[in-house]
Amino acid sequence: MLEIKGLTRYFGGLAAVCGLDMSMKLGNIVGLIGPNGAGKTTVFNLITGFLRPTEGQVVFEGRDITMRSPHEIATYGIVRTFQGDNLFPEFTVLQNVILACHLKPGVGFFETIFHTRSSRRKEKDIVNRAQLLLDLVGLNKMADVMARNLAHGHKRILGMAIALAAEPKLLLLDEPLSGMNAEEVSETIQLIDRLWKRGMSILLIEHNMRAAMSLCQKIVVLNFGRKIAEGTPEEIRGNPEVIQAYLGSSEDAT
Amino acid sequence: MNKKLLISLFSFLLFITFLFFLPLIFQGPYHLHTLILTMMNILLASSLRLINLSGQMSLAHGGMMTIGAYTSTLLVMKLGFSSWLSMPLGGLFAALVACLVGFPFSRLKGIYFSIVTIFFSEMVVLTAQQWQGLTGGSTGIFNIPRPDPIKLFGLLNLTFSSKTDFYYLMLTLMLLSLLILYAIEHSRVGLTFLGIRQSDSLAESVGIPTTGFKVLAFGLGSFFAGVTGGFYPHYISAINPDSFSFLYTIYILIYMTVGGEKYFVGPILGAMVLTLLPEALRPLKAFVPFFFAAVLMAVIFFMPEGLVGLPGRAKIVMDRFILNRKRYA
Amino acid sequence: MSLNALAQTFLNGLTLSGIYILVALGLTLVMSIMGIVQVSHGEIYMIGAYCVYYLVAILEVNFVLALIISTLFVGGLGIVLERSCFRPFRGQPDRAFTISIALILILQNIVLSIAGGNPRTYTNPITGVLKILGIAISWKRLIIVLVGLGLLVVLFLFIKFTKTGQAMLAISQEREGAALQGMDIDRISSIAMFLGCGLAALAGALIGSLFSIHPTMGSFALMKGIAVIILGGLGSVPGAVMGGLILGLVDGILPALTTTHIAGLVGFATIIMILLFRPQGLLGHE
């Protein structure tokens, strides 16, 4: 469903991503791993339109999305999460998700301003959907908490809920487990697993190697912007070049 | 409907009734003029806040007013339009211009957007000065006709020969506009504006066309500036390129900031206090600018949420005081 | 256009360049080091002019001495403003911007209430003309170009060869990093504000020797200062010089060919274009 051909992006004279080819099938979880500064987040930015590639092509479901803007790409069904806390901090958890349901409602400008009956009905649907989503990710008890007051782990989960609210076909998760405690990690892994069982395709950047290995059907390893290996978790585990890349940097490959 | 909402609705209605009978108390043309200016400022500051909701600090309000004012004036004087049509058209034209320039401008972040809107305003003024055949150059246009009279079965007879009639016109305009502004803010569109202000990358990532919404906010806010600008020349009967100078825009910004931009009533309160109080201090005319400056400084230094946040802050201080008393009692 | 008229137009442009460079240099120092948009810079410029007016026209102080006193006084005012108004809001550019807007009103009204709204003039004792190749050049204008050039050299040497200058350069390029390296941002900000305000005051005082002064003259200087900075890139001294030179010449020469309004329109349109398509300025790099 997603096909990347020769993706390249230069910053100044440096190639952050260079000639990347990869593809993923519908309903798969693919991991994108590599040492710090390998260009993983840049790949996300290139796929979702936040950066324009210098060269190369991104094709999603047979459609070339290379030069599209991020919001268009979201309407095609690719939605990403961000590293760190990128939330609407002054909104409640519920409002965060409600706003992210932007794509579904089809509430017209004048409808929403004049609070017509149809708009109220649609808004009610959205609130219901948002609440279901919060049930799914386990934030339902915190629906009325201001996002900036959430604990770090909950912020990360809210980030995922926001992305899910846009109803992606392909979900791009940027280090979903970072900064979580052991319990939150296992909950989030279960959540990702549940999403996958519902048929969602997921592309995952993760530093937690054990989690990546257990979740993904396929793993792509980047180093200095180039793909150095691709294969099943077992193949990657035994790949000498990957081991070299990780040992060569200070990254611990646990 | 809960009790709190009922109370606020009731007090709102009471306030409107009060405004409606105000000209019976203040009959002098000077007082009425001040009240009309106050309402203009309320409308301008509130519409500026709408743009601000989307995270853009526009300083083009003066320019947009100028566009609205000239559009309305010229439509009436050169093309014979009714002023009832020309005033909203002035607003629409300002909104159109705002949308056209908004697309490139909204690429600029933060303060650079503000700077470019300042330059845009200056360009509007220069255009009005240059285009003498149409705008009368720097001297402007005089003897602009009053709005056409409204006659309604003998019930209502507004000829706009007195300030009272203009007061009611402006009151209607203001209330209607505030209603629309309130509705926009509390709709999904308003929610989207606020979301974009907090994180436009996140908004964009879930499929919100942020550029479009930013331009929409700029266009909507500019529409109300244009309408207010359109009203003004028919009221004053003259217009020139400097009628709405950069300084005027700055004042509008200050009304909004002093009142408290976080709240809908903020700019309303700010415009009221800062337009009416200096008039009340008129015997001490020389000190008015300093009073103005003092209020402004006090708000910036001690009231980050503006005058609206004052009761809340007072409560915090009081609570702390009471707590301390208890502790030492 | 005769050769003489052409030369005069060119000299007018250069005079404006001198003023723009002084204003923009100060503004770029303040903006890049303090990380704020100082929109009351124009009022500082206006106060510089009024100081000289009071010293020369009322107290009958020597013009050159008045220039120096005014520059130092307004520079000191800059330090006061930095300490009282901008330091509490470091790292909050939005609120500092509001403060700066408030200062426009406050400073303008203070001058308005003291000096009144009528335009004022003062005479510059430097008169006479310099004749080069049969072209008469008024010393009044030439002095502005020379002062601009002289200060430029001084500022350049200051930044290049003093420790404080180097620290200023470092802070203007990377604020957080400089703070981490233990640079005294308080002190550097004060110095930047002193220099910036002093330069603006000097520019205002010099323009007052050519034209009449009034309390609202500052917005012109602010617009031009910002335009020059956009042209040359924020925080860049060579950029401010080049930008000031270009804009001054354009503003001096273009009105002679069309009207002042059209010249202004062209100027603003150009700046907006640059901001949209080359936001790092003509000389800046990504």
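Letters are used for the chains, namely A, B and C, taken in the order the chains are written, and counting of residues starts over at 1 for each.
Simple rule for what comes next: a residue touches a chain if its C-beta (ideal position, glycine included) is under 8 Å from a C-beta of that chain, and two chains touch if they have at least 3 such contacts.
Just so it is clear, the model here is predicted, and its values are computed rather than measured.
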- Task: Using mean Cα positions as chain centres, tell me which chain lies farthest from chain A.
- Result: C
- If you average the Cα atoms of each chain, whose average lands nearest the overall Cα average? B
- How many angstrom lie between the CA centroids of chain A and chain C, rounded to a whole number? 49
- Task: Report the inter-chain centroid distance for chain B and chain C in whole angstrom, where each centroid is the mean of the CA atoms.
- Result: 33
- Message: Nearest whole angstrom, what separates the Cα centre of chain A from the Cα centre of chain B?
- Response: 42
- Note on the structure: Two or more other chains are touched by the chain A residues none
- Query: Residues of chain C touching chain B in their complex?
  - Reply: 37, 88, 93, 95, 97-99, 101-102, 104-106, 109-110, 112-113, 216, 219, 223, 226-227, 230, 259, 261-262, 264-265, 268-269, 271-272, 275-276, 279
- Query: If you look only at chain B, which of its residues touch chain C in the complex?
  - Reply: 104-105, 107-108, 110-112, 114-116, 118-120, 122-123, 126-127, 129-130, 246-247, 250, 253-254, 257, 286, 289-290, 292-293, 296-297, 300-301, 304
- Task: Please give the residue numbers of chain A that touch chain B in the complex, ascending.
- Result: 48, 50, 69-71, 74-75, 79-80, 82, 86-91, 95, 98-100, 102-103, 105, 107, 109, 112-115, 119, 123, 162-163, 165-166
- Task: Please give the residue numbers of chain B that touch chain A in the complex, ascending.
- Result: 180, 183-184, 187-189, 191-192, 194-195, 198-199, 201-210
